[in-house]
Each structure stands twice: as C-alpha cells, then as structure tokens.
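Down below are the structures I want you to see.
Each of the two complexes below includes subunit A, the first together with subunit B, the second together with subunit C.
Let's turn to the complex of A and B:
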C-alpha cells in the first residue's frame, strides 16, 4: 500500500517501537490554577493537548438549563500550527464538531451529572501538536482536568488508539501509521474492560477485532495507571501544603 | 499481555500500591488517605455514603480525588479542589448578575448563582416593613447588575443553591476598594471575616474566596456613633456604656445609618494616593499567598505586608521571586511566633 514499511519483518515499527509499546506518555494536572477550575496537559508521543475545565457554573444561556443534571459542553480547538503543514481551520469544521460530540457522549456517561442540576460544565481543549491518537489524547486530557476541577466521576476514562497492520495489531499509532492502516480509538472505564468510547472509521476484519481490542484495553489500563500516578503526586503535594 | 513503554517516569507506584492494599486489607478506611475516582473506599455496607462517593454492588467507591473523611458513620471524600460550596452562616462577597422578580441573582463563585430576596435586604431609611410593589419596581436603584456586595448565607435550597441576606449594616453594597478572587479552599473559616489592616485599609475575606480590599471607613465602625454630629445619636451615646456589639447595630441606629447612602454608587472622593498604594500592595500580597497556596488569614496578610515593606514599589511584588520570598517570609515568621509562644 504505502511505500514506507510500517511494520518490518523483525517486528519494528517506523519509530522503532514494538507492536505493543506505547509512546512516551506525559501528563500534568492543575497547570493553570488561576484561570480555570480544572486544567491539565497531556503529551502522547508528539501529540500535545491542553485542557481547561470551567464549571459547574451557572449556564450562560437559560435555555440550556437542565434541572435533572449538568449540561456538558466540549469545545475542541485545533491550532493551525499543530500539523506539519500549516492550515487555517475554521471553528465549525465538520471534523471538530464530530470530536466535540463524541467527547460529550463519552463523558456524559462518566460524570455523575445528577449532582449538578441547572449548571454547565464546559471543557475547552486546545490541540497544540498532532501526531496521531488525537481523540485518545483529548479523552485523557479531559479526564485529568475534570478530576482537577473536583467534578464527581464514576471512574477514569483512558483513551488509546490501535490499528491493524495486515494481521498484527499495533498499539498507539502515530500520524504515519494512521494514514497507512485502519485503526480504532477506544475509551476504557477505569480498570474494567468496559468501553465508554469506540470509534472505528474504516474497516477491520471481525476475526482480528478481538485481538485489537484486547491490546488496546491493556494499553488503556497502563495509561490509566500513569494518569493515576500523576493525580496522586499532585494530591500529595497539595495535601502537604494544606496541613499547617 | 505486557505493555512496555519507551521511557518510564520515576516510579511512585510502590507507594501507591501499598496505600491501596492497606485500606483493602484492613477492610476499613484509614484517616487521611488519598483516593482517586473509581477507587474502592470500603466494601463494608455499614458506612453511610456522603459527598464524593458512589455506591455500587454493596461497595462504596470514590468519585473525586481527595481525602477520605469519616464523621461517625458518614463516609465522604473531600475533593482537593472544587467550587465553593455554600453553608449557612458563611460571610461571602458576591456580584449581582441578574435582577429578577423580587430577587437578585448573585454570583458567589459557587456551582449556581445565589439568590438575594428583596425581603432580605435593608430598605434605605431603615424602615422595617413588608416590601411593597413600589419597592419591587425600584429594585435596580438598590442593587443593579455588576454591583458588588457582601452578605451572609441565610439558607441552602435542596438543589444546593444558596439564599443570602444583608439584614445587618456590616453587609451591603461595597465601595471604595478593589475586588480580588482566590481559590475558596484557601480561606480559613473563622468567627470574623472582616478586618482592619495597618495602613488604613480594611478587608472582607469572603468564605467563597472573593475578597474586597477597601479604605477603612473614615470613622471606624466603633467610633461611628461619636463621630456623627447627629444629636439623636449624641444623646444615645450619652446614656453611656451601651455600646452595640461590633458590626451589629441597634434598631434605633439602623434608621439613621441606612439612608439611601448605603446603596450609593459614589466612591469616597478623598481616597489618598497612599491608601491606593496600600490597597495595591495588599492585593499583590494576597495574590502571592494564593500563588504559594497558603491559607489566607488576617495574620498572614499582615505578616506579608510587613515582609513587603522591603520592596519599594508594590508593583514589583508580582514578580515570581518576590511572591515566593513573601510566602517564605510569612512561613518563617509564623514559625518564630510558634516558638515564642
């Protein structure tokens, strides 16, 4: 298909990883304490995302009020310098709207909405650089920022992408790999095997799907642990400061 | 299936693991332990489920990242951060966002706006009566959108929003100062939340993290009666000894004090340059304390002010180094005091 060899016979991928290896995952919580209720920064390989949560707050628009639970708004903005080719993106691009809706649907399940009637929770995501796994990074950043904002959630949602090259599943794809094979993105609820998000935009043979999901879920659990570590690190730091 | 990573951050995981195991093994919750969303807090059904937890299959899980608190049989998780949660009796600073039928909506930094009913404010002139239709029509003359006020939380509605009142002269519209916002968890609840600071400045430390710094009223609260040339008040004072408690006001004085002036929009015309400068330094000191995530108390602000005198220009306090050194100074002088006493 493509000229580049995405997966060599020796079992190495374009960036030298094995099939089941994640890219470097780095996350920070509470990065903007003054300007948002909750904030986070996530790097998944070369994909970099900032997230800021404001709320629960009084809705700006009366008609949005919902007396049974919070209204959750996502707003993804992709910087024009985020890809190798600079490209002006309009706010209402179909792709961005789809991302917003997907994330809204995912987190509506995870946030305990009934605790926050008549309020809005707005999640603003800024993509600084993209190199594959965008939706996964957005999911992880949102989870962390929502935790930082002290919003009640049933569990972590950790996202990861995985693709199928020939018959071998590959974990956490970068842009090159994404363009060369069909892949899916999942969001896993905590340490369970429940999915709250599954996005597959092209075709994958049914026989291989289970393998692919298995590796993706295992990868998600690893991401969850890394996020949990960061939350605990920050929590300990904060707890040590508050004690007088 | 083993998942490897290219680069691994310094592992804290051992620490974390032991934490979980401990609470699992003992089958009960440990005092100040940290939990994160989705973590099992206890599988003992005797505990009552409080805030920050949820209940599934006879097990209680945490829904926020924070510390576990146990009060008798009530188990709750207190989040590390989060919006202000109003409680009855809190002294708060707020901003009017909306004028509605017989009520104002007030932003107090909580999840929802609080309401201030027309019936829970003082009328100009201090007349005590039912509010009539004409009062309703001139609500905007009392308080309009964007006005700042301080008030007390009167009660909490079942959906968690608060109802305020300003039925005391220490509450009401704010003037002659500057507004400042800090995270509400930095404000430590105490008996009194309004203080006079050195340098002719007063402060209202709203429990909700909204702060008002202003020029100390020209005749301090206690001297108010003496300073006033009002004859009626003079005779009132001549009765001798009877001194209404700080802040609270007897009904007779309420009448004279609460003229239309309490709802005036005009600032005091003579706020001197030095007062303005002091306000600016206090503003920056509080910003510095909140930068260092130190709890904000009257004493700490004063200590910070003393430390800030070393800097000639109050504008230089916003530098990161200055903020950090102020926080250090405050902590140091606190230690010294602790040793002395």
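Let's turn to the complex of A and C:
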C-alpha cells in the first residue's frame, strides 16, 4: 500500500492545514442544565465529546469517602458509532480504563480537593465521534464542565496533541495523522508552561521533543483562550439575567 | 425523586379520579414537550437527539453496511447503551428486546434491498445520556427521527446481479444520496413507534413522568406502525427508581381501552414528529 503523504514538501497536511494550525475548535458550556450540575460539549475537528459533572455529592459507598478531600471519578464511554467503522466496545476495555485513570490523576491535581472533604465528584464523558486527539478533547470538555459545576480549580487544564513527522512537529493531529506518526498529548495548566498531563505512547527522539512541546504548549494556550471566551460568554449571559 | 406515602396517596387519588388531574396539567393522551435535533453526526448515515424538559436525553445513530442478504439473520441490529448499567442487566436487555422485536416485526425491509444478492444492513445504536422515567418511548422516538433522517448512498450498478459476481457500486457524490424513505417509492416510509401507557384505576396515561410512575398500578406498551396498532403489545413494570408499591393485575378491558386510545391519538404523534423533522435546519450542529 502506498503511504499517504501526511506532510507535503510545500508544508501542507492532509486536511490542508500548516504545521502549527489547530483544527476548528468549538465548545459550549452548560449544555445540560437539567440533568447535571455541570456540563459541556467540545468539538475538536471531527472529535465530539459531551461531558456531564455531578457533584460534589455524598458518595454512594461509605468506603469511598475521604476525609481529606473530594474523590474524583471519571467515566468515559465511547459510543460504538464513534469511529468510521462501527465497533462495539466493552465497558471494561483496557484503553478506556487507562483514559479514566489518566484523567483522574490530572484533575486530582487541579481541583482544590480539600474544599470538598467526604464527597464524590463524578465526571461522565460521552464520546460521540472520534477523529484524533481524543484525550485532549476529553480533558478540555472536563475542564469546562467542572467550571460549569462551580467546582474550585487552580486553573484551566487545556489539552492538545502534537506529533512528529520526520523532523517537523505537527499540531493537533487527526486520525490519519495519528496512525502515521508518533505523537504526544499534553495538558497545560492555564497560561503557564506547567504540564499536568503528558501522555506519550510511542518513541520520539529526545532532540525533537523540545520543539514538539513548544508548539503543543502554544496550541494549548490558544485552546485555553477559546475556552475562556466561551466561559465568559456564558457567565455574561447569566449575569444579564440576574435581577439587579 | 421518591415520593413520600402522603404524596403518593395524593397523586394516586388525583390520577384515579374520573376527571383525572396530572401534576403538570397534561391531558391523559398528552406527551411532555420534547426538543429534537437530527443529522449532526457526520460519520453516521442518520442521527437524532431527543431531549425532554426534565433533562432526559437520548442520542441515536444509524450506520449502514452492505451485506449479502442471504447470510444475515436480520437486516437491522439495534443496541442500547445506558451508562451505569451492564449490557446484560435486566433493564437494558428488556429495552433492547422491545426495540429489536418492534423493528424486526414492523419495518419495510424491502427498501433495504440493493440488488438481488446484496442489501444494506442498519446498525441502530441508542445512547441514553440521562433519563428519569422509563425511556422506551423516547428511545423509539429517537429511532424514528434517526431513521427518517438516514441518507444512504445512491446505487449506480445494475440491480440484477444474479449471474454476475460484481459487488454493488455507489455514486461518489454524496449529494446524490437518498433518504431511506425515498428508496421505496411506492409508499410513504414510517418507522414504527412504541407508546408507553400507565394504568391508574380506570384511567390510562400516555407518557407517565417519573413521579406518576411511582403510583401506577400497571404499565402497557403498545406499538404503532403504518397507521395501525402493531406488536409488541404487553404489560410491564416501569419502575426505574422505586418498586411501584401499587402494582397489581391488569384487566382485559384496560388493554382494549389502551388500544382504542392509541388508535385515536398515535397518528397525531407521528404527525408532530414529521413536522419536527421538516423544521430541522441542515446545519449539523448538535445543540
């Protein structure tokens, strides 16, 4: 099979983007006001994720209680129709469990847990469509839904993926690109350069890692700004409805 | 919300009266308002989202695949996913059984036939994002809307391939894709629906809410296809949150009465759904 040209000599990618361009990023906050304490919807290219947060609430199981801080549970469910070829996924698939653990570890650091002792915060994520950058989209959706639920956090966590094609770093990969090169996903804390999440499942030469992280951090900051815009838009909308 | 014995008794009395009074002032045949959106998943042939005012929400996707018709048991496969429930739990298995038997009994399968050998197979996947009352009606409404908005690619090769070993060929242009309903041009395409009816005393209530469910004496499900009653018809315990303390047997008259009531009002439900589809804008946005 002839290999698809992922990055042309002219510097264009399969979907016509340049190396440092993000896909269309669209996010909504408070999409499910009736059924969850906090909710959000994120589209990163063709990846679509719904997130619903419930809590802080009393844990259903006494043994899950922690008197020093909130217990955070993630539950990612990937719809069987999310990929081009339909595939039925079991709920205990290793990949999904890994996503849950990664997200739990990330958000345990960014939520101010000590403010909610003896409670559970559960985050339900529904993946409706996936086209690369799944973990990044899940991270962004969770951040927005947690903000919507009014849960205290130190800062935004914005996620993005970046891959290395030969020696050139590419930002925000789609499925085609993900299958053709090694890539990493990062979660950046606010506008800083601190990483709270880094997932690299294959090999990247150490010399190129710095370039790759630099472009990924720049991309994350852009995502953070877009999410911040949406949060402020929604907050203004709510404030305008308050009775003065 | 689980009702207290006093609340339950009050609600039961108001629903069992000759002139029944429902908590949200609905008539006995009235549904709760729903919000509908279709065709928002680009990688599916059809998709629909149904949301109720109480926050219940269902997303349905329809994907298709070309198969050798002789090798398939059924050309429709339906699957239901409810977060927090195992796929083999009673609740999910029951919903799935009802939807599968509804679709297998009342569906115009001839419209899925492509050539003499090949056919489309439809995979219907429902994700129940959240629910408060028994979700079967809304699952079937989401399926109805998704099937109505399903588009399949246009066949350009010969329909008669009995002798040739050729596989079906489709038009490259997605603009030529046809609605599932237009493939079978002889009559109008109306997918089946399931209506959930609650029984309280001598009264029947369409679409009981979560609170009403707790005082029901029994529940009936009735199917509707091509302007008439269809199967499955049976009685069911709808309890989702409580164990229906008033649950008891069902008299024959109530079954007849519910069929008559469904005959009278289901056509209007279908009309309302069709109107909702016509009002859809083709922007591909989910919310």
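Just so it is clear, the second predicted complex is superposed on the first by the 241 of 244 C-alpha atoms of A that agree within 3 Å, B and C clash if a C-alpha of one lies under 4 Å from a C-alpha of the other, contacts with A are read in each partner's own complex, and residues count from 1 in each chain.
We take it that a contact is a pair of C-beta atoms (placed from the backbone, for glycine too) under 8 Å apart; a residue touches a chain by one contact, two chains touch by 3 or more.
Just so you know, these numbers come straight off a predicted model, no measurement behind them.
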Message: Comparing subunit B against subunit C, which has contacts with more of the residues in subunit A?
response: B
Task: Answer with first, second, both or neither: which of subunit B and subunit C does A:36 touch in the superposed model?
output: second
Partner chain in contact with A:109 - subunit B first, subunit C second, else both or neither: neither
Message: One more residue to check, A:168. First (subunit B), second (subunit C), both or neither?
response: neither
- prompt: Looking at the overlay, does A:66 come into contact with subunit B only (first), subunit C only (second), both, or neither?
  reply: neither
- request: In the overlay, answer first, second, both or neither for which of subunit B and subunit C A:80 touches.
  value: second
- request: For A:182, decide between first (touching subunit B), second (touching subunit C), both and neither.
  value: neither
Query: Is there a shared patch on subunit A that both subunit B and subunit C touch, and which residues make it up?
result: 33-34
Query: Considering the complex alone, what residue numbers of subunit B touch subunit A?
result: 1-7, 9, 12-13, 16, 32, 34, 36-38, 52, 54, 61, 63-67, 79-83, 97, 105, 107, 111-113, 159-161, 183, 185, 290, 293-295
Field: Complex interface listing, subunit A residues touching subunit C
entry: 28, 31-36, 41, 46, 48, 50, 52, 75, 77, 79-84, 86, 88, 91, 124, 126, 128-129
Message: Applying the document's contact rule, which stretches of subunit C touch subunit A when the two form their complex?
response: 41-44, 53-57, 59, 61, 63, 65, 79, 81, 83, 86-87, 123, 125, 127, 129-130, 286-287
Task: Show which residues of subunit A lie in contact with subunit B when the two form their complex.
output: 17-18, 20-26, 30, 33-34, 37-38, 55-58, 67, 112, 116-119, 147-156, 171, 189-191, 214-215, 218-219, 221-222, 225-226, 228-229, 231-236, 238-239, 241-242, 244
